[in-house]
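Read the structure below first, then the notes.
Letters A, B, C and D mark the chains as written, and numbering starts fresh at 1 in each.
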Amino acid sequence: MRVGVLGARGKVGSEVCTAVDAADDLALVAEVDQGDSIDTLVEAGAQVVVDFTHPDVVMDSLEFCIDHGIHAVVGTTGFDRNRLDILGDWLGKSPQTGVLIAPNFSIGAILMMRFAALAAPFYESVEIVELHHPNKADAPSGTARRTAELVAAARRDAGRGPVPDATSTGLDGARGAVVDGIHVHGLRIRGLVAHQEVLLGGVGETLTIRHDSLDRVSFTPGVLTGVRQIADNPGLTVGLEHFLDL
Amino acid sequence: MRVGVLGARGKVGSEVCTAVDAADDLALVAEVDQGDSIDTLVEAGAQVVVDFTHPDVVMDSLEFCIDHGIHAVVGTTGFDRNRLDILGDWLGKSPQTGVLIAPNFSIGAILMMRFAALAAPFYESVEIVELHHPNKADAPSGTARRTAELVAAARRDAGRGPVPDATSTGLDGARGAVVDGIHVHGLRIRGLVAHQEVLLGGVGETLTIRHDSLDRVSFTPGVLTGVRQIADNPGLTVGLEHFLDL
Amino acid sequence: MRVGVLGARGKVGSEVCTAVDAADDLALVAEVDQGDSIDTLVEAGAQVVVDFTHPDVVMDSLEFCIDHGIHAVVGTTGFDRNRLDILGDWLGKSPQTGVLIAPNFSIGAILMMRFAALAAPFYESVEIVELHHPNKADAPSGTARRTAELVAAARRDAGRGPVPDATSTGLDGARGAVVDGIHVHGLRIRGLVAHQEVLLGGVGETLTIRHDSLDRVSFTPGVLTGVRQIADNPGLTVGLEHFLDL
Amino acid sequence: MRVGVLGARGKVGSEVCTAVDAADDLALVAEVDQGDSIDTLVEAGAQVVVDFTHPDVVMDSLEFCIDHGIHAVVGTTGFDRNRLDILGDWLGKSPQTGVLIAPNFSIGAILMMRFAALAAPFYESVEIVELHHPNKADAPSGTARRTAELVAAARRDAGRGPVPDATSTGLDGARGAVVDGIHVHGLRIRGLVAHQEVLLGGVGETLTIRHDSLDRVSFTPGVLTGVRQIADNPGLTVGLEHFLDL
């Protein structure tokens, strides 16, 4: 598989280049960044591109790729309903081409969310703890919020009521933030990177699912999974979880 | 649903009686133990029996139940290939009746094994740590061995080779026992009950799945799940995991 | 050592009786509860009493014990400044007698608090997570609050400023309650008993101290430690930590 | 305080330079490596040197420093009894000068070992789990072995017998390696860096002390602690723990 990278000199893109280069079954044929011509992709015979660039330029790049029948694996942010609809139209005219838009390429984070949702119907209690370095601006993290929504939906579907909680006295904030009825706690500790724990409990037992991301490169296996599967999945796919056989 | 319990005065059976009694949708109609007549089940109109008795008597009880069209949820041990074949024959003559044979009724343990197997293909490394009270006679635990086998099979199916391990010098036992190529470590600590952790790791991230069983009663939700679903699952089922929608 | 127990038929007192009885170096000589005469202690030759009774009666019992030169290990609550002063006066007239008043007999909880305070000066960040069953009424737990106060004091003594936290956007409660500048998070999960984790972090590393109390009997070793040391520690002692060689 | 670094261009030494430079109370006045003259230290007026070099050259460097009354904080390995005796002799002739030899500058690792030893007398059970990346050659780690020795010594001093363990059947290695009677387990997982957990347990409760080293730079606070205190501690000190107020 011949792979091109858009945003090849960025922090993320350069890690992608390294990972593609190291994979036996993939060939890195084009490294494109600001100032380079996107035509390089065609000249180099790229079959798949990986795009970690900027919301301002990603749509133009994707139109070019789809026009030329090049599959795309996209980590750039900013895809709202409108943009996804436009992509759908373009892909309708190039039915063999696949585009994967993924907000999160960490396989561990995706597995954690999936397992939490699968387990949720079986447990009376569930809470989420996310732990990050203290320079993070938002609390709770986006992944923790998303996990809470998925867990809450799984509980609703299973007919489960609210989580038990007899707290009647205490300090503000002691029980965390509440997202869709699920308590979420955010810790900020120097030395940590990005970590999350989902705790589920029933009478006499608990189940804990924990994801530790210790290094930025942890997203590269997810990108490679996308690259390897996109040719077999024409059309628009949103979320890497659809390419994991869970 | 009208439920009878065989082995009702045993340590496990009495917990089952308490749990059935407490469930709104179940009625405890017969409590049978040594010295009681099994005919009580029929007289009481039991639709399902739960059997936590002894390998010496369980086959006779099951023959009786199947003959009378009573479904059975069985936690008694000792079911080899031969016994399962005999059960299959009996059930062939009573096609509406269901029998569930389960070595493990802990939903948490089943989820842990299932999630470990689902995640295994995505990670280069995986190891298992089981932690129990120090009165336990065997190491590693049966659940840890079973988890190792399931994880090893999932890796083989995904084409994964051996786990990476550069250990070239050290002390005997430092890297644990090896089950099907998977390293398994057993801790024995006063104060603990029954706990297991599966650690999976790839470049820059780890995923940990942990089950803590803190009280013997943790198996009762699994038994009730079996009771509630057995009527809709005629024939022989081995393993509660088939009744969990995973 | 001849030991008497006041409140011997209570939930805690009866566990104390069992533990004293099982200890080779201690003899259980008197079990006193409501309706029994306290004179039994003298008749039985008790050298030490353990008191887990009620704030309404504990002062009368202690006056009796001190008058008779019987040492006391006290888990009953309700000792304010005024009561401690009165005890001090009584003990002044019986200088060989010792009284230990302890709000917490869990050695593990005491070690956790002590280690957290010892480690606090070395770390930029510290947060506390306490986890309990969902029937608990207060959040955060008293132990978590006390740990936060001890950690905050240790940081102040070491000249440490506030913990780093760049949170600028988020949901109410996401960062927990704040006790003396320390963030404290309370989880309520069915299946748990009483657990606490103190996380400390500096550049590139974290240190975690965790205490899990899985069974009510975990306080008995602390009570026995008090019983064995009280005779060598005449006068009033508040807090079991003074009898642990830390 | 004016600080010189020997081995300034090495992987560790360059991190030390960065950390000294960033500290308000320290001035980096000399960066010396192979090919540079050690006289630079004197010319630059260094009061303390940090040495992360090689066993072949460290003794010559230290003789020079002690001769010139420059304090030394040394992370270079290879100090046996004989070398320490020689250092002692040299320091005898320069009684105001201090030398710190430390095999481990991680404050977290030192605290973990210290707390484990302090807690050991109070618990019936204790085991050690160390977790590292799979490229590590030895198992168990040196820190785990050292922790086991310290814990074993603390148990002996407290009159504690062997840890309880009823294991009578199982697989080789399941119970780990045994160091001084303490079970030690080594895990090797891709994605991990260097981690260790000490689990202690008694009736109904457990205490866990865990150290996670996620980045190589975690040793620099320990080096700076040595630099700041060495002038007040003339003579030879072996082990950073003597400079931590525990």
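Keep in mind that, in the parts below, a residue touches a chain if its C-beta (ideal position, glycine included) is under 8 Å from a C-beta of that chain, and two chains touch if they have at least 3 such contacts.
None of these values were measured; they are calculated from a predicted model.
Visitor: Show me the overlap between the contact partners of chain A and those of chain B.
Guide: Neighbours common to chain A and chain B are C, D.
Visitor: Taking each chain's centre as the mean of its CA atoms, which one is farthest from the centre of chain B?
Guide: Computed centres place D farthest from chain B.
Visitor: Approximately how many whole Å separate the CA-defined centres of chain A and chain C?
Guide: 46
Visitor: So how far apart, in whole Å, are chain B and chain C when each is placed at the average of its C-alpha atoms?
Guide: 39
Visitor: Can you list the residues of chain A that touch 2 or more other chains?
Guide: Within chain A, residues 191-192, 202-206, 212, 214-215, 218 contact more than one other chain.
Visitor: Which of the residues in chain C come into contact with chain A in the complex?
Guide: Checking each residue of chain C against chain A gives 123-127, 129, 131, 134-140, 163-179, 183-192, 199-206.
Visitor: Across the complex, what residues on chain A touch chain B?
Guide: Of all residues in chain A, those touching chain B are 106-108, 111-112, 115, 118-119, 121-122, 202-218, 220-221, 244-246.
Visitor: Show which residues of chain C lie in contact with chain B when the two form their complex.
Guide: Touching chain B from chain C are residues 191-193, 212, 214-215, 218.
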